[in-house]
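Please go over the structures that come below.
In what comes next, chain A is part of two complexes: it sits with chain B in the first one and with chain C in the second one.
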Partner chain A sequence: MRRFQRFLKFPSTFLAPAILVLASIVLFPTIYLLYLSLRHWVITRPNQYFSGFANYRLVLSSGSFWDSAFTTLVFLGSTVLATLVLGTALAVALNRSFPGRGVVRALVVLPLLIPPIVAGFTWRFLLNREIGMLGSWMLPAIGLDASMLANPDLAMVSIVIADVWSRTSFMFLILIAALQGVPGSLYEAARIDGASTWQEFLFITLPLLVPAMLVGVIFRAIEAVNTFDLIYVMTQGGPGTATQTLSIYGWRTAFTSFDIGRGAAIAVVMVVFAIFATTLLSRRVLR
Partner chain B sequence: MTRAVRLFLTLALAGMIGIGAAQTEINVISFSQGFAFPDLFTDGGTAKSERLLAFEQENDIVVNIEWGDESSVRQKVLTDLISGTGRYDVILLGTDGAVQTFGYAGYLEPLNAYLESGDYDAWFDLEDIYPSVLEANTVEGNIYGMSYYAFGPGMIYRQDIFDRYGVEVPRTMEEFELAMAGLQAGLEADDIDDVYPLTMRAGPGEEPSLDLTGFVYGYAGYPAWFEGGADTVEEIKAENARPDFTGAFRDGFEAFVNLAREYGPPGIATHTWVDMMNLYSQGKAVVLFPSAINGYAAITSTELQDVIDGSAFAPTPVGPSGEAIQSFWSFSFGINAASDAKDDAMKVLALLTGQEALQAFADMTVWPAAPYASVMRSETLIDRYGEAEVLLNEQAMLESETHYFPYIPELSDFMFQIGTAASQAVSTGDVDRALADLQRWAEETMTAAGYYND
Partner chain C sequence: MRKTWLRPGTWLLTGFIGVYMVFVVVPLLWLALGAFKTRFESLRSPPTLLFTPTFEAFQKVFAGGFGSVFGNSVTIALANVALSLLLGIPAAYALSRMRGPARKNFAFWVLSIRLAPAFGLVIPLYAFMRTVGLLDTIGAVIIAHLTINLPLAIWLMMSYFDDLPTDIEEAAIIDGASRFGVLRWVVLPISGPMLIAVSMLVFVFSWNEFLFAFILTSSDAQTVPALIAGLAGTMNFDWPLMSALSVSALVPAFVVVLLAQRHITEGLTAGAIK
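The block that comes next holds the complex of A and B.
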């Protein structure tokens, strides 16, 4: 009995199974990825061998990598900023009481329930210049005659629109939850002091929303860096390489160039980039 | 539980294990669920037909099929091959890179010995299969795939619209451009702005390469990718032939890009075969070219009577070299070299791609895309298209130059990069930039692959 009690004193004993499971499904693939990134493995060539940091050198000296990194930053910046602004506006608007608020909130959340791949297909068809409702009819009617998906500049705008449509509700959910925690007494006090609605938003709502906004931005930034399905089904990274983000570039390297080692190195660089960016933002939140 | 009951249960279990062990499971991976193999899988590809069940019983084989969309199937095949698990015994292969890349890498089982053994004569009559089909599946003398369907180059066009605007069927690329201009002028005069003279594919990735490199062949007269036209590993190494995408390659590339930009739909830089098929089936394109199979898919799926009645087939025009514009592809199946049941996998491959299965497919789709002459000339296809059109399709298969691109291990990668360059050039109009990028990439790739000593 005493031995059993002593056994219970070691929480690690109980945590061990969970840690083992976690390690097998998280640690193993990560270590394997690192291992692959240090090997020369092009499947069309017979030799596989340890190549040190050669894959990283190749990746970081490649113009395509930096082009893709820039495209990723453009996509990330645009989509995160747009979802933040729209999510905030929707959260503030739908935090007020009005008839039918529940229905409107449900409608706003609806795109989040639609898988990105479905959202991508939907937008691809909508924006299709020949047969899409938006691309062939509504946009030309307002003077925008170009093909959104086939134009190198507008293709990026198109995938940002689709991503914003798909993910704004995520930001909205985080922010509306935060808004409901803001004490009403603060607004009452501000009104007694003669504050306008805009001033209430600027000096009460916004400062109190900042921590939630940063959490939302962190999640959205990670998601944006990793976005693959939506871009793949809408443009496949094209036209040309106009919407080729790092995730599409990594996939192409591994699955069409068959360079498994270099594909793994790109994935590792993406992970490092994501950790760096989120750590930076997290520190800001914790502060 | 009495001893007798325990004994009975033990024997029953042993029997079940014994039966299970006697049956070999052969895993097949394919796309086109509910469309391919109508004689073997029914109910949208979810149930086994009587024919398949009888085959399984006769050969003690269980055939499992895994369906997926084309892209995910290609990636699953790749992942399985490189991991060497042999999870899939019979795998889908395209002749635009997979056969060559995986064949050179040793991931595929050569089928020659099986075919020469005589054991499969009842399934495959090699005399009946078009030589081009076998050639397309062959790398360095090894046959790695058997075709389920295949198509040669051709032009599907709206004869009614050609007649309306007095446009003749072009026989050369020069005439083709004149025909396009005539069609465009006619459509504009009639104030028709949602019908395009031409539909092709120019989406990023490998999509356009099959057709674009066919243009290059028609303009240069040879696969003009490497100096001197070298198109095998041995030739490239022996002649130290560098990639050259700015010389003879350029004429065909530029012609493709210009036609796409001037006469194609606005979204053509993102179009795949699905888009070109849809446009044609909706009556929004006058010519679909040079992968005529997508036109047949459109004709057989549309409900527009004008499209059905007004469409006709013509051979592709010849380029300045005197060679016809090419486009050849085969939906093939091969055997995974890592399979631990290759002999049984071959039996399944024979079932999947034998003459009977192909006839069933032709009967269902009514596509003149059969690798077998007997299927191509079958009643189903003659009744639908008439003998003259079927023979034109047969001629396209017979005259196809399946080696209109080099057969090298890096082919898949090249096809992807060339297609992406085409998409870039079609969307921006900047051919110089697209080809310069392609040239740089190709030199780096071939050098890294160890082709050159200096």
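The block that comes next holds the complex of A and C.
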């Protein structure tokens, strides 16, 4: 037992550097963020002072904040649902062995490693009405002559499609990991009983996937709230404010209107949402 | 019993994979195609699929003063790899061999950082870097990226060390080896592939990251994604140039998929699996 205890003892030099660094680059900025959110500070103006909860009052009483929150919710709902459905289908489809599975799997994972800026630019290029393959050629050919990114409704659709292209693999990876834990004997038994592929999916696969799906949905929901690059490069929140989610709204407030205090208050609201979702998640993942 | 390939479900799933592959690959082909067009060719409407390819756009990328931007991206990513390993390896090893609540709390902390809105970090970091005069420096971006990469690296290495058997380590300790000696001579020699996978992930995350780089830099320390987004915000569009830049920005992603696709799954989904 003493031997074991000695084994467990660690010189603090192992942990101290990492903890010091993490504390100064994560913990300190978080506290600083709270501090900033209580101050009036517009970069372009000379004076800054403590303003209590004024920033929060301004943010929570402004129509654009709630509009952005609603836009975020629309984006979140669409992209989470679409990646869930596609990710499930992919996981089921690729959980069998067939020739070329390695290549297919690599191609499915690839978009996840591509910079979202490039993914967004690529879709903007594809959808461009004058010169894009989809926008100027294929969509008109099927009678959909529309400038996707200039139309308020279709701009959101375009962003969701690009986001699905970029992020479905994440859902896929979570779900296929869960599928690989399902014992094959369950399927053998079902097959002997004459179950169809559809019945196998509905009564064996789906129920066993639900916990992993929940984890994936929460992760993707947080990701959707945080999405910035893809939207920025495709529409910058436009046309008008049609695709202005909370992160775009916060960026505009803090870095184009230079109102750091109000931007910080928006960020705090987003952090609170993330904490809520993470707590929900930790009950499932960490136990 | 029927053969699997005779089932209608099998055909449906195979068809689905085919359609999805088209969905994934066609945009990338379109981007690659765009990079080999001349500017005049790129503005043709409807677009042409057959044209004489030129390297004009790539020449502009590498001769047009963008070299320093790629240099910044590489420097920032490599510095993140080095710092994540240097600070992360001992911490991950200690956490893995420790028992008790510290470990569990740390795991929760790492997960929270991964899920925290980057927007919540970028405002205080910007305000701080502005105050100390570090805006538009490589150092500022390195620090900002470390907020994501260091917790990720620690998490991944910790779960790898968890799976190693500890008897040899115990024996080495009894024979009088120091903790550091055990880590250096017993643990690290069998961790090579894992360290490479973690390095690759850290490199790619740093290389791909946009928000921090975009807010914290303006010209001197600009990274590749910030450059592409900057050009996309201008009125005078040079589609081939932007496509060529984008294609160049894809290199790390392709390298990782080709070399280490199977080893990075855990990294891409850190916190969501297990």
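Keep in mind that, in the parts below, the second predicted complex is superposed on the first by the 258 of 287 C-alpha atoms of A that agree within 3 Å, B and C clash if a C-alpha of one lies under 4 Å from a C-alpha of the other, contacts with A are read in each partner's own complex, and residues count from 1 in each chain.
What we mean here is this: contacts are C-beta pairs under 8 Å (C-beta built on N, C-alpha and C of every residue); 3 or more make two chains touch, one makes a residue touch a chain.
Fair warning: this is a prediction, and the values are worked out from it, not measured in the lab.
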{"item": "Side-by-side fit of chain B and chain C on chain A, or clash", "value": "clash"}
{"item": "Touched partner set for A:Ala267, first chain B, second chain C, both or neither", "value": "second"}
{"item": "Which superposed partner A:Leu60 touches (first chain B, second chain C, both, neither)", "value": "neither"}
{"item": "Partner chain in contact with A:Leu179 - chain B first, chain C second, else both or neither", "value": "neither"}
{"item": "Between chain B and chain C, more extensive residue contact with chain A", "value": "C"}
{"item": "Partner chain in contact with A:Leu81 - chain B first, chain C second, else both or neither", "value": "neither"}
{"item": "Touching partner for A:Ile131 - first (chain B), second (chain C), both, neither", "value": "both"}
{"item": "First (chain B), second (chain C), both or neither touched by A:Ile25", "value": "second"}
{"item": "First, second, both or neither for A:Ser147, with chain B first and chain C second", "value": "first"}
{"item": "Chain B versus chain C as contact partner of A:Ile204, first or second or both or neither", "value": "neither"}
{"item": "Contacts of A:Gly216 with chain B and chain C, given as first, second, both or neither", "value": "second"}
{"item": "Residues of chain A contacting chain B in one complex and chain C in the other", "value": "130-131, 136, 236, 255, 260"}
{"item": "Of chain C, residues touching chain A in the complex", "value": "1, 4, 7-10, 13-14, 16-17, 20-21, 23-28, 30-31, 34, 42-47, 87-88, 90-91, 93-95, 97-99, 104, 107-108, 111-113, 115-121, 123-128, 143-144, 146-147, 150-151, 154, 166, 169-170, 173-174, 179-180, 204, 207-208, 210-211, 214-215, 224-225, 228-229, 232-233, 239, 242-243, 246, 249-250, 252-254, 256-258, 261, 265, 268-269, 271-274"}
{"item": "Residue numbers on chain B that touch chain A, as the complex places them", "value": "75, 78, 81-82, 101, 104-107, 194, 196, 203-206, 265-270, 275, 278-279, 282, 284, 409-410, 412-413, 416, 420-421, 423-428, 434, 441, 445, 449-450"}
{"item": "Partner chain C, residues of chain A touching it in the complex", "value": "3, 6-8, 10-11, 13-15, 17-19, 21-22, 25-26, 29-30, 32-33, 36, 86, 89-90, 92-94, 96, 98, 104-118, 121-126, 130-133, 136-137, 165, 169-170, 173-174, 177-178, 191-192, 196-198, 201, 215-216, 219, 222, 225-226, 228-229, 232-233, 236, 247, 250-251, 254-255, 260, 263-264, 266-268, 270-271, 274-275, 277-278, 281-282, 285-286"}
{"item": "Residue ranges of chain A in contact with chain B within the complex", "value": "42-46, 64, 128-131, 135-136, 145-147, 149-152, 155, 235-242, 252, 255-258, 260"}
